[in-house]
Amino acid sequence: KEQVDMTGSVAMVLSGLKTDQAFNQYTYEGMLRAASEKGIKTAYKENVTDAEQVEVIRQLAQQGYEIIIGQGGQFGDSLATVAKEYPDTHFIFSVGKDTYGLPNMSAATVSYSEAGYLGGIMAAHSTKTGKVAMITGVFYANQAQMRDSFKKALHDVNPSIEFTAIETNDWSDTDKAYNATNALIAQGYDVLFPCLDAAGAGVAAATDDSKNKAVLVGSVADYAETYDCKSAMGSVTFNWEGLGYLEATGELTDGKSHVVGMAGNGISAIYNNLSSEGVAAVEKAKSDLSAGKINIPD
Amino acid sequence: MTYEIILDWLQASLRWSAPLIICAMGEIFAERSGIINMGIEGIMLCGALCGVAVSYYAQSQAVALFACAILGLVLGLIVAFLTVSRRTNQVVTGLMINLLAIGATNVIFSVLTVMRHKRATTFGALFPESMHRIPLVGPVLFAQPFTTWIAIFIAFIASFVLYKTRWGLNVRAVGDNPQATATAGLSVIKLKYQTLILSSIAASVAGGILTLASSGYFAAGGMTGGRGFIVLAAVVVGGWDPMRTMFACMLFGATDAAQLRLQTTESIIPTQFLQMLPYVITVVALTIMVKRSRVPKTWGAAYDGRRS
Amino acid sequence: MRTKEKIIKVPFIGDLIYSSGHTIVGILLGIFTGGLLIAISGVNPFLAYASMFRGAFNSLQSFSNVLVRSSPLLLGGIGVAIGIKSGVWNTGIEGYMYIGAIGATIVAIPELGLPPIIHILLCFIVAMLFAGLWGAIPGYLRAYKGVNEVTATIMLSYVAIYFTNWIVSGSPLAQEGAYFPMSLPFAKSSLLSILMKGTSLHPGPFIGLLMCIIFHIILKYTPFGFRTRMLGHNPFAAQYAGINSKKQIVITMVIGAMLGGLGGAIEVLGLKHRLYMEFVTGVGYESVAVALVAGGEPIGVMLSALFFSILKVGGATMSIETGVSSSMASIIIALCVLFVIGVGVADSKRLKKRDEKDPGKKTLSFKMEEAVK
Amino acid sequence: MNENSILLKMQDISKSFPGVLANDHVTIECEKGHVLGLLGENGAGKTTLMNILYGLYQPDQGKIFVDGKQVVINSPSEAINHGIGMVHQHFKLVDTLSVIENVILGIPTNKAVLDFGPAKKKLEKLCKEYELFVDPEEIVWRLPVGKQQWVEILKALYRDCKVLVLDEPTAVLTPSESDQLCRAIRKITEQGRSVVFISHKLREVIEITDKVTVIRDGKVIGTVNTKEATQSILAEMMVGRPVTIERKARPIIKEHSAVLVMKNVNAFDDRGVQALKDFNLTVHAGEIVGVAGVDGNGQRELSECIAGLRKPSSGSITIQDKQVTNVIADPSFVGFIPEDRQKTGLVLDFTVAENLLIKDYKEKPYVKNGFLQYSEIKKHAEHMIKKYNIKSPSGDIKVKTLSGGNQQKVVIARELDAQPVLDVASHPTRGLDLGAVSNVHDILLNERNRGAAVLFISAELQEVIALSDRIIVLYSGQIMGELDGETADQFTIGQMMLGQTTEAKK
């Protein structure tokens, strides 16, 4: 058997496609940047189904990759299973927080709750009708956390703002997202807060088509730039690329759980059409958050 | 307020069902000729990508839809060759076409990086803005994008073609008794090729419209989300009749639109149960309609070309 | 006497050689076309296929992956095949898997203080019960109301998926605060044991293979199987022979559903030890393809399920080692199957058709007959 | 003979199917304005020859001439273009479409949109001309079989065929409908067209044809001028030995208890049309009751009701005082030979051995400890093959590879071997050649003599008269009359089959 030098090698398993215009793609791109900058050997497997998780992770561990990143909340158990078998390999549970008490397993994610809070402040300062809605594919734990802090921010600005949330159950169906957005706009919701991967494009399109009946506060991606969304007031972007870079360069392999928020450049607020008053409020919220004055669960 | 919500719901139901109707009209012809084109889900997906890509590069929706039609023709030929000439099992063939389509669109889309974040030009409403404000019909009908009207128009055309033209007669005959059709001097194989190509074109164009009438974006990972299977169900619910199938599609559109709207009400029903609604309604509709529909006699069977 | 033997035995072997020859040609064509695509995507197809082969056959461990992946396909495939044998299209396997897994989850989570064997059997039984009841719905609708079962089962699968989503995210069984919708972990005593260290090999695939053999025997050697086959070959004759075809249809659909449910239960008890959202995505349709490629024969299901999982496991390894995208792997699977059914003799009528076109080239059977004379 | 007057010539045609040489250097000729009869036993190759003419099969060798010119016919549409029309042995109608739709189906035209107006006019003209009346608007499945036959003929005539092939057109017709057909054929030939007429009914062949070609085992035995032929000459040419179906002497059975009693039975057919109307019938032990009538007058529903396959909407059916409620699948009680052996009576993909047990597969020696005992099943099959003289190399071959007559023997063996108290035989001789027919007759007669009650349903008057002790005539779900088998005559029965009671005639 030929001996391959595996020092400085990293592998990533993705729950979706590496072209999903969301966390799979950007984290993967972060890993690629690390690879080209630092000469790291990389491997990946996209679209890993539930049944093949352990098999794929184990195969990578066997091949000697030093760091194995599981990109997605569904990988936790499987990473832990293989981590127990390969104590010398580092495993990173990306988009998760649990390290399963294993020394060779770390967790890393961006702060969904901070993102939600900032988005909420933006939305609260954008609404005219006092009705704000969030659209997502499925409420996984992260989305739920984001929703809760978003709601809290709305309430902190104006307790009378009405909030609703809706699931399209498909992260790539742009048409369904478009129709779901229309449904919300028709019901008088004038600020939309999508957390929807590639299907978010549908929300952007629908808000643009609404003839100024509604505006959008983006999350994850910069909606104004990514989707050319004219009605974006601003976006809370997730620096998945940076996270992927950090994970790949081996800076997060300490066996701890990392939540990268504003401080670590994990999320940032981008302003497009937000009023100066709104911008000020967001900036204040940012400093309050870093000062720990606002109590949101992480 | 509630009044507006209802109007909006009706509008959404129609808009949502437009691609389904177009796809279903083609499928009716295929199934009437005895062949289940199970690959429409995948073909629709290919059409969705083709529509967005061509519309982006050519800056013309007409060209985009034409390209979808050509793509449908090619895919239809493949399906027809397999199921008609090679007499493969129609269900496996369709399922594999779907698998192939998901893979192919993912691969192709990953190559088309330049257009990934660009919105293709989409269809506008057919009627002027002023007409949208007419009470009741304004928002429900006139505010519809142009494609909704096309879909309804196509349904009427389909009905006309199926019942009032020579070719429609041939199609109705071939699915019920291919041997008799052959002895009447018609080519069974040719007819089946024609209907399969037609249904594939319809599916592909429906896919194009799916993206071009709304978001103008394609997304990798199977963005048609099972619409092809819904169409297959709608055709059965509609008893292989264009008008009734159109209503079946609209029923499905209406329940899905309703389900999205019900999610915003603070109800104790978990969202997952609301999301089930369209599928449950379809099964109920299927049960209610079963007495009134008559399956084409050789539905799903390969044509042997010999005496029966 | 001599004539008799020849007529019966030779055509079988002749057809078998003929059809397996075609199957191999089909696979080769699929692989060749796939290779072209791989080459176009910029990867050396020989390396890609070498790693595909290695992924499935390199070691006992890699073959164990093939087995593990074949488990739901075997059970789903045989479930569909029984339907085909009795003349119904039981395309709702995915739904049965979800519902069965839910049943298993309900009894797997609590510590019941039972010995593992009993606990596991209990999980299996509840899973099959749940799935069986679920399958009885389209079965009843088909048999007594004439509702098209293809449509009904596919629609009900969607319902089952959403129901599972609720179970793992909104119900008391859901794990609070999980990063992905999942149920609470299962009790230790309910888990299937790992048969080979360092792999995920659980007894599931062997249960699947066993079921294929059992159903081969049932279909061939029991009155129940006789009835089922009769119904599938000729429903009119079955009715004439006093068979309650409606009941028989419901029974076979329920059995198919129970097998699917068992498959779902094995997946959750054997692999992740929890119920996850979307844990068997796509397996339902794959099962249909497995059963149809097998021509509805239980023994054929064994082969075609293994064929599918070899492609899947090998495809995954190919993606990892050569960077060929996972989408390309599914394209190759689809092409292989399309070529196998397009070129191969999945359909015995094609044999006859060939004879009719070219009467000079009669089947081996006739040639032998003449030779003996 | 004037060569120019030959409208159709098929020369030296050969065609083989796996294991069968269906046509062996067959040559036939038909003059302009003449009717050529084609005669031959089942499986002689008549239909195959005509299918070659119509482009459905390609001959292995041989030439076809139409109007003196050699033609190659690759498909039905080419045949139609050459002026060949064909009425197939098995109907080729799309029965969900209307008559007019069926008639114009496949006719080339440059009009894409359907316009029935001119077509209807032309069809009505044809109806009048040939006195074959049908309603153009009617959906085909609603039509009685006789009318469906008219549609088939009109369909061919509508296309202005020069040569019309009629493949056993009279099998489904009443005697008077057959006469009507003969008149139409004469009109057709008067216009200079030719007709190829295939039938097993020698009387008709002699009446209508000008020449007769007899085929046996795919070979032409000879061609005779009809004027010089008699029924017995033709029969001998056909079979190779003289044959007749005649009434055989029979003992009188003492035991005469009522076995089958039907009281006021009403039943509907699959389309929901009433098929049996207040039907009353008693069949006693030791008698054969023949049921005559045109197909589709309730015969099928009658037999299915008795066997429990169809639930009567009202009325009662008892067999030996036992009420019929469910399907009777007990051949030791009722033996039922269904009218369509391939569709109902056999599982074609099962072996002969399995087919012999599709009713008894769960009984004792064949099942032990829940498993089928293939050795017992095989033994049983071998016994039956010997006893009933079934031509099959073993019990292990699929029943679909047997010839029709032998397939029927499998059904008969299964149904009658357990000595049932009641035999229901529905068209048991359909599609069988003369030798096989007399064999079946002997079996049924033996059943009667053994003391079984036999209900014998057939559309062939000759055999009903030859076999029955008592004859009932079924018309439109009702008994039109009852006759004694010894004295019945074809004419009276024929009248009754058309719905005329003997009283009405008087």
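Going by the order they are written in, the chains are A, B, C and D; count residues from 1 in each one.
We take it that a contact is a pair of C-beta atoms (placed from the backbone, for glycine too) under 8 Å apart; a residue touches a chain by one contact, two chains touch by 3 or more.
It should be emphasised that the depicted structure is a prediction, and the values quoted were computed from it without experimental measurement.
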Farthest chain from subunit B, going by the mean of C-alpha atoms per chain? D
B-D or B-C, whichever has more C-beta pairs in contact: B-C
Note: subunit D sits from subunit B at a C-alpha centroid distance in Å of 46
How many angstrom lie between the CA centroids of subunit A and subunit D, rounded to a whole number? 75
How many angstrom lie between the CA centroids of subunit B and subunit C, rounded to a whole number? 29
Report, in whole Å, the distance between the mean C-alpha point of subunit A and the mean C-alpha point of subunit C. 37
For subunit C, residues contacting two or more additional chains: 162, 165, 169, 325, 327, 356
Going by residue number, subunit D touches two or more other chains at none
If you look at subunit A, which of its residues touch at least two other chains? 17-18, 169
In contact (per the touch rule at the top): chain pairs: A-B, A-C, B-C, B-D, C-D
If you look only at subunit B, which of its residues touch subunit A in the complex? 1, 4-5, 8-9, 12, 15-16, 19, 106, 109-110, 116-119, 122, 210-211, 214-225, 257, 260-261, 263-264, 271, 275
As the complex stands, subunit B meets subunit D at residues 164-170, 172-173, 176-177, 179-187, 294, 297, 307-308
In the complex, go through subunit C and note every residue touching subunit D. 3-4, 7-8, 220-223, 226-227, 229-230, 233-234, 236-243, 352, 355-356, 359, 362-363, 366, 369
Per the touch rule above, subunit C residues touching subunit B in the complex are 41, 89, 91, 141, 145-148, 150-152, 154-156, 158-159, 162-163, 165-166, 169-170, 285, 288-289, 292-293, 325, 327-331, 333-335, 337-338, 341-343, 346-347, 349-350, 353, 356
Parts of subunit A lying in touch with subunit B, wherever the complex brings them together: 16-21, 133, 164-180, 182-184, 186-189, 197-199, 201-202, 204-206, 209, 226-228
